[in-house]
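Pasting the structures in now, so scroll down.
Both complexes below contain chain A, partnered by chain B and then by chain C.
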Partner chain A sequence: MTTLLRRPWFGPLVALVLVYALFAAVSPDTFARAVNLSTMARQTVVVAIAAVGMTYVIIHGGIDLSVGSVVAVTTVVVAQCLRAGYGPLAASGIGVLAALLAGLVNGVLVAHLRITPFIVTLGTMSVLRGAAKGLANEQKIDADPRGLDELMAAVPPDSWQLLPTGVWIALATAVVAAVVLRSTVFGRHVVAIGSNEQTALLCGVPVPRVTILVYVLAGALAGLAGVMEFSTLTVGDPTDSIGLELEVIAAVVIGGGSLAGGQGSIWGAMVGALLMTVIKTGCTHAGVPNWVQEILTGAIIVIAVAIDRFRRR
Partner chain B sequence: MAGQVAARLTLEGVCKAFGPTRVLHEVGFEVGAGRVHAVIGENGAGKSTLMKIVAGALPADSGHMRLDGVPFLPHSTIAAREQGVAIVYQELSVCPDLTVAENILLGVEPTRFGLLQPQAIEERAQRALERVTGQRDRIAVHTLVADLSPAERQLVEIARAIAAESPKLLILDEPTSSLSAVDASRLLSTLRQLAAEGLSVLYISHFLEEVREVADDFTVLRDGCVVESGVIAATNNDALVQLMAGRAVTRAQRSARSVGEVVLQLTEVAGVRLPKQASLELRRGEVLGIAGLVGSGRTELLRAVFGLDAVLSGKLRVLSLTGSKAPSVRLSQGVGLTSEDRKQEGLALALSVRDNITLSKLEPFRRGGLLSERAERSAAAHWVERLGIRCRDVDQAAGELSGGNQQKVALARLLHHDVDVWLLDEPTRGIDVRSRGEIHALIDSLTGRGKAVLVVSSTLEELLEICDRIAVMRRGVLGPAHPVAELSEHALLAEAAGA
Partner chain C sequence: MKRRTFVGGLVLLGSAALGCDKKSGPTGAGSAGGGGRLRIAVIPKGTTHEFWKAVHAGAVKAAKELDVDVVWKGPLKEDDLKSQVDLVQSFTAQGVSGIVLAPLNDKALISSVKGATRAKIPVVIFDSALAGGETVSFVATDNRAAGRLAGERMAKLLGSDGKVVLLRYQEGSASTFEREEGFLEGIKKTPSIQIVSDNQYGGATTESAFSASESLLLAKGADKGDVGGVFCPNESTTFGMLLALQKAKLTGKVRFIGFDASDKLVEGVKSGQIDALVLQDPLGMGYTAVKTLVTHVRGTKVEARIDTGASLVDKANMAEPKIAGLLRPEIEKWLGK
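Now for the complex of A and B:
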């Protein structure tokens, strides 16, 4: 029981259940319906997948502000590829590859030029936003999704699939990422570097290589999130997902991630992402205006972290 | 020296320079198998650089090394570790967010099909840890390192060093500087045990008593050159000190002391966790020492007096004010503290020597609404000269100075502030013999000017040398203060350890 209490995702999970119960009590006829669970899961997919990558980056002791721009670039690349006649799989693959390359640039700059991740990704955030606009000629790119829209489409209530494909992909991503973090040398080294980089170096951990890999991973996952975003929008939009990185960082931090590095949890981040969706959706159902939602979300982030610090004393 | 013993490590003509600065010159000596070899010398003598070269963290410019007769040229710490040479650095170096076992096998984790083997990791860690502690359950391998004491972290680091497949040579750089006397002596007997099992140890230390206790052989470095190597039993401490310093070091003469009014009075003071109960009286013109083990609450006592930690119960009077006050109030009263943790708390390492000295009291430099840099600089330069702080100029970053000089900068701040009550926490930890002597002389001179000094130290010899009275802190409870004339190291150690 005490070990359960010490899990980083435990606190946020309790918060999630409480918030869900609160909104279910306020709007029992709309919010509490089962179909709404599926809808909320679907709305969380983009943030959740990007948050998996961000969890690695934050545990490693870094930060990635370029996530929103990477997602926008990916939607544009996917749309352009579809227009050029590529199939949905190839278009998605090329989109993720582009995102992965953006992550590689971040990683190399952080690892070899020794610029702090905040500055590097602040720069690439702007560079990639510009690149997205250039690739799209500063307009939305319409393209036939050729089935890609199915990823994020709502499933019929009686379907064996239960949840949209995108949700399953997000879950699978989280499972694999959690296993890699916990049970591989790479995962262990990510934690070690975030906890004490000097020690990691002295113990022979290949710090630059692990660093690059972390940002490549974050880039590729942001790309996957971008494919999901395209599936939702069905257009390539260079001005999409502005500010998404902050939501993603918030999810990781609510889930027990420490910006000082060394701490964080994939499942905590998933719960964090879901918590924010529940607040948004719940407020909409309860007729709470948008500006109150924003205040609430912000307050929850700070309170979650404050409680976490208190608990650790 | 180790004539009858096979050579484990042989150094020949090792040279190293950083830019134009020559750090090591033609260094050569031999470490025997199963021998503990002490490398001693003042700060800046090149000991740490030499150890880094042996450990593979730095390349030598020229020279040869042989390990068990085979040329030894590690290009990284991991390469050295694979060949059985591991180093434990002076600053504790562990990952607080990983468990004990994960720390011990960091960088050499066993895997199968790409997945870590937690069972194998725990077993190997357990074996290494048992060998170091000599006990089965002193430290549980699955605890987070964040939850361990500094002494336990040190043991984890040593376990990590010997967790290699076949450890041959263990290098320790000032391993006891963050340990209490009891933990330090336990560590020394562990090292003797490991040596008896055939491991060779290269041991860097400032503490000659410790070197005498643990080492078989010694090498003295001075200004990057080997001054002498030999068997430790065939020499005495005065001779060693002379070799290190290049001249006879005279002990600080203690001036006759006359005590004045009480400036600090504690009656059964208790903090949140530590101290549990502390009563004392400190008068002008005297030096009161506090001995005790690391973790016994000595630092917390000083912090409570200075207002950094809360006082829960008891009576606290400092100069004219009763009760707990914020540090800013204490400073304006004329109470100052130097932290045991120079790098984290004591100094702002990125700031200049000048900024560090003047930080707490900038009023004298105010010209209108602005600070006069010129006035500040000349005030700082005054203290730099007074204390013999070796720096390029007062604008050099404090972080670039050696440990001894950094400590003098911290003390210069209290001098500049002209405090009456000096709270000193481990004022000479990890600094060289000469600086230590100079700081002792400074403390002595304070008493002549009617200042009161409360000093915490883990070095009993130091307390006996500089204090008028010494009290022992044990598990948060401060014992009565005894005049030094009635005390010995043995008596203090016995009281601290509860023997």
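Now for the complex of A and C:
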């Protein structure tokens, strides 16, 4: 029991259950329906996958503000590839590759030019947003999704699959990432650098290499999130996901990630992402107007960061 | 140390509870499935523009008349495609009686609308078309007819001959394309009128429309009296063109017809700088869209395409009650602020 309480995701999980119960009590006829659970899981996929990468970045002691732009670039690249006649798998692969390259640029700039990640990714956020608009000729790109839309389509109620494919992909990503973080040398290096970079360096951790790898990983995962976004939208949208990075960072922080580095949990971030979807959907079901919902979401982010500070005192 | 996280979670929950309990009452939308009362979700493209406020007012008007609940919910981020897709899915999962939707994109919303249809939730599309999916009806301005109205008026203003400039809005925008084509159709009924430019675009913002207007007027020799009339297909191009005409001191010398209204444009009509504006009826659109859906749900057949009409406003008819109603929709009356 005490080990359970020690888990970083335990607090957010309790909050999630309570918030869910609250909304289920407010709108019992609609919110508590099984189909709503599946819908909420589906709506969390993009933030969740991006949050896996962001957890690594934040544990490493960095931040990645370019996530939203990377997702937008990916939707455009995937749409353009599909239009050019590539199959769904190839198009997704090229999309993820583009995102991975963006991550590589972030990583190299952070590791070798020694510019703080905040500034580097603030810059690439704008660069990539512009690139997305340029690639898309400043409009939305229509493309036949060729089955890619199935990733995020609602599953029939009696299907053996239970949840949409995209949700399973997100879960699998989280499992792999959690294992890598906990049980591999790379994972331990990431935590070591985030806890104290100088000490890690003295202990022989190859800091630049690990740093680049972390941002490459974050880029690739943002790309995977972008493929899911394309699957949802079925168009490549260069203006998509503005401000997504803030949602992703919030998910990680709610889940126990510390912006000072060294701390964070993949499962905590997953719960954090889900918590935000539950609040969003719950407010829709309860008929809360947008302006209240925005205030609420903002308040939650601040409270989450406040908790982070409180915990480390 | 960890217990504090837990306490934090509770604080977080408390704030959620506060926000939501407080609001479920006043919007009058909390009574889902209460005794068979219909609950209609209305999803606009955004919530802050004047146009959408008028649509909202119309939807509320219909709800009061027909004794149904209307839930008004736009994308959290203005004009954000993903939020709109999420909203349609959420309302589908919620099992509302029907959805009234103004799609931000004619393709991206198809799969969510299909999802709603599969869940036996009827969908009425309004304002902008959806390129697929099974929907009950499409309620919108017939943009081609509205453009034709402007074209015919322009011909009348110019008399038998004259040179006309059309400043288009943006590539790939369906509604304004229809208006532009309608305008050209209307003007071509008078063959002696010459169209000197119809391939220039104003772009998305007032600023881009302004610079495009300036160069266009200069290129076509408007200062030497070589341009008789100008038409612009939306609010931003109309305003940009108005600024350009003012700067070149050509207002009143060039016949000018625009589309949509804003305070500045209405002012322009009053002072004679704009000869006429084509106005849509957003309040009527919101009203008709909700009414159409309710009629369908209650078992009566409805038209697949409903035109909510467009009117020309000029200095002479501004004061007429019908036109004044379009210029100043009764937003306060229905939304109560």
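In this text, the second predicted complex is superposed on the first by the 303 of 313 C-alpha atoms of A that agree within 3 Å, B and C clash if a C-alpha of one lies under 4 Å from a C-alpha of the other, contacts with A are read in each partner's own complex, and residues count from 1 in each chain.
We take it that a residue touches a chain if its C-beta (ideal position, glycine included) is under 8 Å from a C-beta of that chain, and two chains touch if they have at least 3 such contacts.
Since we're looking at a predicted model, the values are computed, not measured.
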With everything superposed onto chain A, say whether chain B and chain C fit together or clash.
fit
Does the superposition put A:V185 against chain B (first), chain C (second), both, or neither?
first
Which of chain B and chain C A:Q263 touches, first, second, both or neither:
first
A:L18 contacts which: chain B (first), chain C (second), both, neither?
second
Regarding the shared-chain residue A:K140, is it in contact with chain B (first), chain C (second), both, or neither?
second
Between chain B and chain C, as viewed from the CA centre of chain A after superposition, lies an angle in degrees, nearest 10, of 130
In the overlay, answer first, second, both or neither for which of chain B and chain C A:N290 touches.
second
Touch check for A:T199: first (chain B), second (chain C), both, or neither?
first
On chain A, which partner touches more residues: chain B or chain C?
C
Min C-alpha distance, chain B to chain C, superposed, in Å, is 11
Going through chain A, the residues touched by chain B and also by chain C turn out to be none
Of chain A, residues touching chain B in the complex
183-185, 188, 191-192, 194-196, 198-205, 262-263
Chain C-touching residues of chain A, taken from the complex the two chains share:
5-6, 8, 10-12, 14-15, 18-19, 22-23, 26-27, 29-31, 33, 35-36, 38-40, 42-43, 46, 139-140, 142, 149, 153-154, 229, 232-235, 237, 239-243, 256, 279-290, 292-296, 299-300, 303-304, 306-307, 310-311
Using the touch rule from the top, collect the residues of chain C that touch chain A in their complex.
1-6, 8-13, 15-17, 19-24, 27-30, 32-33, 47, 71, 73-74, 76-77, 79-82, 85-87, 89-95, 105, 107-108, 110-111, 115, 118-119, 171-172
Can you check the complex and tell me which residues of chain B touch chain A?
57, 76-78, 81, 87, 89, 93-98, 102-103, 106-109, 111, 114-116, 118, 160
